[in-house]
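Below is one structure; the comments refer to it alone.
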């Protein structure tokens, strides 16, 4: 269980941290002011620097232009990136593109890889992942209403999705739909690669989330797929493999999120620590000298540190073993880290007082944006039941 | 300790509830979509109905066109109004106008009452309250940087304020500034009534709060008062009385907020209860039948009920005694009710899943808008220390 | 909703409080040192004073020597008694005798009343209630293994019970056993009045609870009933009515517990408040001036106050309506008040430091003795599910 | 940051675990029944086996008969031992002897080592540590009232101590007393080695803690040292070095406690997991299948895992650096792990229902015995302020 950053990661941490702090933090006000097009122009500039420095796509193998890090290595880097909500986007490893690239890498056909994976990995195009349905409790895939039927050499897809993150401006969607409603529970659905300009594909709206409809990579769409016709080769992997692929995509995805949340939590802690020293509550005393504020900071920091080592251990465990053996651990870090983040950010907002709820700092953005952390990729409650079942089963072994 | 709604309140609850649910809930999507001008047009229509039904300004005495309710009576009505974030605005008792009207009523000169209180009470004009400063820890008024100096027959005011709620479109501001920096701590400041069109008054911006700059009554401004000259008669109450007036204004204000929060919490509970029954997690089972969801709902509901009776008792106590004797109780309901609201809303968001973070329901609005509840009018931590000191003092008596 | 203590309760509160504080608090060290026989001698002296002052058995009607208070009146008195763990015992309203007396009063035969209720009500004998079984999850009565069979004019009882509180020294037990295993779920069991000296009745042990086996009224026994033969007249109420009677006994029992817990919490708060002022942390400063301690005290106090009004409202509701309509409310106060008590006591122990875990104060006793409050008469989790189901059902009405 | 158990620890874990589970768990009922002398006889038997297997005194260097493990190695072993409250005692590393031995090892004179350290390390004698005073807030050492004065070739000690753990039966005490009341705050006190049979040394009582006065190693005494005369050579280290030595003793002590608590928490989790599977709530369903119980187990387990990696990292950090650099981390694990333990045990008690509060399992013992974990060696609140100050200072560096 050696969590020491590898020599390679050691050498990367400083330049990555420098880029994040010097080039990305100054762009955050554009994000907070919803000035998305100005923001994307600036992000693109940073992306060029990132590529020049050989820091692009740390999660992908070298074969597709990535850095080829292990999960533990990426974990350590990812916390650095998560320090800013713009980090992953600037370094080419943002959701849902990161997961989609991994998916195509492992299950895509050669043609899919040539046509879509290469430009996706290079950040030349974006993608989206259309799985969630409004009336589909994600914990029960049999409720899925989307359908794909074979019609000669084509699949005919009808689906109504929502929370399709970053659909606006995406080149293609990966769409999950039932192909075999009578098959066993986890073999009913399949995945399809659907170009967004295919006839019948429409973006109904960007859903307003926490007060904003967002834009481009910062948006979540409601999507309709009406009589959408794609060739047989649009199938990703095998027919009926949809849920298996989704699970294999979500496993690393959850760890990626945890890593990112650690970065956000660290940011909130640093910012609060610094603010406490600056904020005077009398002519002589700063907030940093107030015991109640001190206690709040220390409790939050200890929660952060606790979550951090647990996440690193889980990443290490996955590297050594595999996702299946680490299933209970992944469920535990998912809910534990998400809750930690929200408690840390809540503390940070509270200690910033009125300033904390304004968009003059990044805290209010994290507060509202990451409320969903306890919901997406499986709500806390589902992961708790899942972890418990694993733990009880292991106890009986 | 009779908390039974009076015959008068009994007769009011039903029509008020009917108006809120039938006429205000349908307007909330305009609020959630930031369509403020369309919203204000609709609110004005409802206001006319409210006035026709004699339900206007429940917090004010009949002499200025209000309903003349006791604090306990208003508490009971106010929870009804709080069921929608639009309730208090539609019934003419929204912050900061409600507090400003009470202030003018008790401390305003006859001229101030004639010129400003009457139209304010009738909802013909709006007002704002410019006390908070960015670098002023509210718990320590001696840090206030705003200054007013006598210059012949005028006061010359220089101040930089923020979180001046509803400044945009207000007819006048009540401005707090130091008039006697060498006086004892709580006698250094005074209050002034300053028309917003006075030379030197400028609204720097509507501060972006939780992702939105808002508009009109739904905004919080940064304000500058530069060499603003107002006549001596602009003083409210007496010179040096500023903090005393602010405290007397905040006392009922905190209870009003608690009442409103109870309504919001009730709304979140009702909406969650109903959603649980509708949301299917399998072909046969709804979320309402899931034990974990049940336990979350019951815990939140019990917190709500606990806070409710405590607030009602405090309102009753103030009616029987006064604000000073109820100081510890008011501090306790302030932090206890604000925390209850946030826990209830957090539960509601969580059980709504993805839907909970969208603006397709009102929950995400409450979640972000009322994060400030634990901060404004004194953060939790300050009220806890204040309550403890009272309790310890009482114990030594 | 008038919670004002009635004139009668007003006149009782002072003498009761005086007796509790002057005569019972000094006896607590005997309890903490497990000196039960010395304690009982002293308690008996206090009981005589209580009777002389006409304060005996506040929960019982005058017809059997009680004070004939309403539930709300008893609630207000009961908090006074709960201030000491010895209060209810000294005033003749301790569990399980209080519940047993109410049971006999409502469902006992005339013969049972004459022979057992009268001396029980007067405190001349004690009783116990044998329902709980080690392998019986109380939430599912069909699991009960105890059996009673008709054998001519007698019932033959075989049962293995535990947590039979106060069995040691009791004159009789009320025993629950299945009489009709094939009847509908809630009609399978019946209750029997079994004198403790009946052949076949044996007390296996006083169970060691939280480190002590206790004695007499301060004990919880494991009991065996082996081929115990009682006459047909030993049946309480009707055959198959056991669960209905148990529920009707538990309803008020839960409210009684809540009232008592409020008294214990008040005691812990008072003691902590006083200790903070005495405990010096430097030559000049007491703990009462430490912000972190202040915040802890205030938060706990606010929880206590919140629970208090909720309990009083529930008692009032039961007085006005009945237990069935107040079912959700009773479940909510059961888990809410028990948790409040434990949080208050935990805070009190923590702020007392090392002293808090010793038996030099009563706090450690409450800490360990009342850990069971969240378990007995239905664990929190069961009451949460039960309350949620009621609330959801009401929402659909 | 390699937390992998070393080859040596790997080879030790299995035999240690075997001894703990096979030989110590069966002895726990004697502890729970307060049968201390029977227990000590049995413990002594196990100690012989421990020594035969070369597992004695894992925390001490080989030079004094220990195993010479690093802190991280001992951490990993210590969790194994902590699985039973008897583990550390049976393996010769129980408080306060472990800390006293380390103290003598580092600061004792050769004579002290020969006469006291050797038999102490071998478990032939026991010792105690007399620092705490009833009126001494440990966070402020200047309040210490104990005094030692030079009187010719002797020190004359007057002290009134309490919470002197394991004083009953100890061969010697290490006593802290002020020798230089006018020296700088942290140089006022010194430490003395005082044989318990010295004239003037008296054990006033074993303090009753959580309901029991305990015995021998399971007791905490109130001690008086009245005109106790010891030779100059009784001084440990240098005059005025008392607080420095106490701190150097407490640093590892806190980590030792955290390791032990991890073992206790693991025990509670295992026991609960197993109980859930056995406990039927209906004919077909066990508690292990109840979602609310599952969620409680998973949340507690995740807290345990989080604390575990944080403690291991801190032990590793101390091994690599030193206690001073790890000061914030040690404070954080102290309060974080203690709270985790109490939350885990509370969950375990709750899910065991009535059984959980009895002494038929070890849970109730842990519940009451380790309530003090959040108090001794510095209460949570003190460690939170201390950690915050370190973190803020580091942030300004």
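Brief remarks on what is shown
As written, the chain order gives the labels A, B, C and D, with residue 1 at the start of each chain.
Going forward, a residue touches a chain if its C-beta (ideal position, glycine included) is under 8 Å from a C-beta of that chain, and two chains touch if they have at least 3 such contacts.
Nothing here was measured: the structure is a model prediction, and the numbers come from that model.
Across the two candidate interfaces, C-D and B-D, the one carrying more C-beta contacts is C-D. Matched by residue number, over half of the contacts between the chains of A-D recur in the interface of B-C, chosen from A-B, B-C or A-C. In terms of their C-alpha centroids, the spacing between chain B and chain C amounts to 43 Å. Spacing of chain C relative to chain D, judged by their CA centroids, is 37 angstrom. Note on chain placement: the centre of chain B and the centre of chain D lie 52 Å apart, centres being C-alpha means. Residue positions of chain A touching 2 or more other chains, listed in rising order: 291-293, 295, 381, 384-385.
Listing the residues of chain B that touch chain A in their complex gives 32-34, 132, 134-135, 137-140, 142-143, 162-163, 207-212, 279-283, 287, 292-293, 296, 349-350, 353-360, 364-365, 367-368, 371-372, 374-376, 379-381, 384-385.
Across the interface of their complex, chain D is touched by residues 290-292, 295 of chain B. Residues of chain C touching chain B in their complex: 1-4, 270, 273-274, 276-277, 288, 291, 293-295, 297-299, 301-303, 305-307, 309-310, 312-313, 329, 331-333, 335-336, 381, 383-385, 387-389, 391-392, 395-396.
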